[in-house]
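Presented below are the structures under discussion, each in the form of structure tokens.
In the two complexes that follow, chain A is the common piece, with chain B as its partner first and chain C second.
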Partner chain A sequence: MSIGTTKLDVVVSDVVPVNDLVTRFHFRRRDGELLPIFSGGAHVVVEMRDGERTRLNPYSLMGSPLDTREYTISVRRDDVGRGGSLFMHRHVRPGMEMVVSYPVNLFSLDLRARKHLMLAGGIGITPFMAQTAQLAAEGGNFELHYTCRTASLGTYADVLRERYGRRIRLYHDDREERIELDRLLSTQPLGTHLYVCGPAGMINWVRDRAASLGWPTETVHFEHFAAPQPGLPFDVTLAVSAKTIRVDEQQSLLEAIEAAGVDPPYLCRGGVCGQCETNVISSDGRFIHNDHWLSEEEHRSGKKIMPCVSRFEGRSLVLER
Partner chain B sequence: MAAKSIISRPVYGTLGPQPGKHHLFIADAEGALAIRDMAGSAPAGFFDGAEIVFIPGSDGKHIAALEMLKPAQFHQAPSFASLLPRLRQTLANAHMGLRLYLAGTEGLIGQAMQVALEAGIDHTSIQTEHRGSLARRMQCVHCKGITENVTTQPATCAHCGLLLLVRDHYSRRIAAFQGVCINAEDRSEIPPMEEVFR
Partner chain C sequence: MGITFRKETFRDDFTFRNSPEHIRRFPFPFHEDAYMYAVNIEPHVVGSRGSVLENLIDVDEHYVAEMQDRALVLAEDPLRCQSLPHMTLAGWDLLELLMEQQALGYPEHFTLTRDGDRWRWINRPLGIDDTFTFGDTSTLPYGPMEYITRQSQGDFCILDQRDGNLWMDAGMVTTQADWSLDFDIGMNFFEWHAPVPLAHEKGIFVRALKFLTNIQQGKPARRLNWTMTINPRLDTSPENYHKWGPDRATVTPENVGDKVHLRVELQSFWRLPRSNGIVFPIRCYLIKMDELVTQPKWARRLHRVIRDLPDELANYKGLTRYRPALVEWLSKLDDGSATSPGFGPD
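Our next item is the complex of A and B:
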């Protein structure tokens, strides 16, 4: 059960290949009505019915929040991932009926900011597509620095340059172009908020440098959906439901709990929102924490786990679920 | 020490050295001691990137204690009003990474925070420590006049003369506590006035 996310019955209205790795999907409501309003940075969880298996993957909405006739997402194909992106690329076609959650925003703009400084890496550009559209419509002050591997993989770089001109700065890995991060972070006017979305390494780098350079934590916003990592299978006892279940190699703990007919709350399924936080009653083994929600202290305590992305290796694990 | 009562009543912490290279301290009177106490836990070279703006109390003490910290800049001012243009200028030219530390009386902390908010700094990003007097800046809700250094309960509005109940209800935007007429029904009713904000 996803807290606060009623489902939306949609139809795929268009599928547009963007480049070698990225395809864009458009959804409209099946009843022809407008979709719920959202704000830049919001995501939806897309349900993928793949035979017996249901995948639930979060994707940022990248369309303008001013246009709710359709939702658009861009999916980067991950050939070695758990299969969600491959399903989208291989099986989703215009006219197909699908179900998506209501939008949820865990990466919203702080509209009190005097200026919005955005840093994107790769497919991390998607939430900024919506945020820049929102800000541009309000005359907001923003600047986007976008790192991509090559010009041809710079998804939407051309669109952004055309829309916003010099507010967009591009960096190409193959041309050895790098963001001069310290200089960038040291020259921003007071009241600037920083937003970063991209690979975990980039987010950690930016957060570290910002903290060292005196940026208060409340001015630094980031979003990283950690895809659940595969791992060794393990057994879990759900004490409240009195069930013992097995988590397969390719399955997340949350998915295994759901497959057993237990519905824990969730929102992001990526280790950031905190909804599925679960108490550990007892454990004998080692936790593999992959979330951005719990503190380091909580990780060490062995008393809590985020079942959407974290795993366990050892003899026994009993959860309050 | 200011105690928590209602949610808008500001509470203050203890100054702690923040990461970064640029640090702006604004203090009055005994607030200087909060800076001196914090200096003990500051990393080497911390004050090389620091500016201290100080308004001495009527006793004129603590100037030497601050100068001994060898900040990059030390500026002394006779009143908050007299340092305001300089403070506005400093903040207008500042960049992200500047950390703000306010120490001393509630009036000083509140007014400096008000200027900082106007410059785009979030109040949660500001280090504060209360030292010294609990005298309040009060705004009369009736005539909107501000009365400085209110120490009594109730207090007389310096502008319209109404007798006001000094509430814990505080506005960061105007840097003042709210004063509301205490005897609006019967003006002949004069409750005893006690000195409570020393």
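Our next item is the complex of A and C:
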């Protein structure tokens, strides 16, 4: 049984440039009703009709979960990506009708925590916008450390400072400011949970240091969507549906499967949730695994692939789809 | 219109009965003449009119009597309702879900009006009319989960989702088939399922957990489970085993039709929006053999299912002692003719 998400028909109610790289998009329901309530850390998958292509990209909801008159997302322009963020920046205008998924949360707060310690890097700030709003409304104990390249690229740093004052600490790369991570992690009260969202290097650094300093893995939470990477085109046989398809350079394997009229389940489209996991029937070539779902052993086995983010180079690939 | 609520008991004199309409809407759980575990999960969508699936949260003629029985259980044993400190937000989520669904399905019995955080809830069958502030526990006579589950049929487990697992961190459990919330509270999915035979070997729980942790908002799912109970007793808990366990030795060929009940659980699974938890309502339906065999197809099929049930399952479900008497009684109603496919009566 496929358990993709329910869809919401929305209209773009506002488009707000935030800085040189980031633009914020507001959505309301077309029928005027309230949107579904969500929990801090949730994302929606935004459907983009880009000519012949349909792009489906996940973005964290950054508004307050208590105010569901509209959903807001912030999109960082990626000039060398596969084009989703460029589509949002160039083509999405107020009044446009779009479709987004119901919210899905793969980066949930642990409500047992006595304190929530949050570390954000760059556009990784967005899920924390919603989480801090949720916690502040409940009188929750949190502290956010936010690292950005420059003050002008510190998306929402001013908003956060105004809302939460000293609970927000800022670090600017151009001023050589760095999070003193070991000191920070060594001085937290018992019962603190750690949350990190940012570039892969930052997530790995924080997880490694936390592990070395004795933080239990259950107290370290991270959001790590992999964007599908472009690559060489390749051909795939879908055994169950008896189709042979080509995956273009700028297309993910999942998108190519969907374009052929086959609909595997999905939730995150970023290699995290595990929904689109697909069995490999046979292969002659090399897998390029980019997901965070399969184990290293499964990656080596050549028996499974996550088509949302992973690719293949070689002579033949047959999937159980 | 509206439901005529029965005056009846689930203890002592056991006056519980199903009306003829309720016999026909009983959620008979066998779609074929045999039973084995399967991950029999399907989307929880509205079903046909007059069925227990007409509304996603079902209220029936036993509502008032069940709520009275729950109050008696809680008065004797308050630990049947527990909520760990981090689960209060999920309790509000559940309160909203149950008020919305009951008011939607049964507007003649329940009314919910909202003005921002100021909510008014009218429950006519139980004579309740309360105004409270959503999110402020001090404005209700109980915590949000206890408040609304004292007014909703079925047991409710609220599961916290973290570390890729589900944790039994809150619940209201008074109509259970021999398990204990007080024992299971704080356990994860694998811990509380440890006693179930055969299913672990089949990898069922690994797959079921993967499915449940991906349940999406707005897309609830459901499954049926079943067992049998002697006398229409809702509270067959381990805590009260001394009260109901001995009943199993009282079954004779003469009283099978009156004493032996098929007990079906309609289990559903819902993602809760604010807390990202899962609520797992377990709604119990009882039907005595005399009522069930008024539908000849069900009589034939139940005979074949119970007769051919693997011994481990019969043991786990507690049927071993009276199975021979039950099979013998049912066999007289089975002429060997074929049964039509599907769950419903002919």
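Worth pointing out:
Just so it is clear, the second predicted complex is superposed on the first by the 318 of 321 C-alpha atoms of A that agree within 3 Å, B and C clash if a C-alpha of one lies under 4 Å from a C-alpha of the other, contacts with A are read in each partner's own complex, and residues count from 1 in each chain.
By our rule, a residue touches a chain if its C-beta (ideal position, glycine included) is under 8 Å from a C-beta of that chain, and two chains touch if they have at least 3 such contacts.
Just so it is clear, the model here is predicted, and its values are computed rather than measured.
In the superposition on chain A, contact of A:Leu267 is made with chain C only, not with chain B.
Contacts of A:Ser212 after superposition: chain B is touched, whereas chain C is not reached. In the superposition on chain A, A:Tyr102 makes contact with chain C only, while chain B stays out of contact range. Of the two partner chains, chain C is the only one that A:Pro65 touches; chain B does not reach it.
In the superposed pair of complexes, A:Leu294 makes contact with neither chain B nor chain C.
Counting residues of chain A touched by each partner, chain B versus chain C, the larger count belongs to C. Contacts of A:Arg112 after superposition: both chain B and chain C are touched.
By the touch criterion stated above, A:Phe38 is placed in contact with chain C alone, chain B being left untouched. Of the two partner chains placed by the overlay, only chain B lies in contact with A:Thr187; chain C stays clear of it. Judged by the document's definition of touching, chain A residues 112, 218 lie at the interface with chain B and also at the interface with chain C. Per the touch definition, chain C reaches chain A in the complex via residues 41-43, 85-87, 89, 160-163, 210-211, 214-219, 221, 273-276.
Note for the complex: chain A touches chain C at residues 1, 3, 5-6, 36-39, 41-42, 65, 102-105, 108-112, 134, 138, 217-218, 267, 273-275.
Taken together, the chain A residues at the contact with chain B in this complex read 112-114, 185-192, 194, 211-216, 218-219.
Touching chain A in their complex are the following residues of chain B: 18-22, 91, 94-99, 119-122, 124-125.
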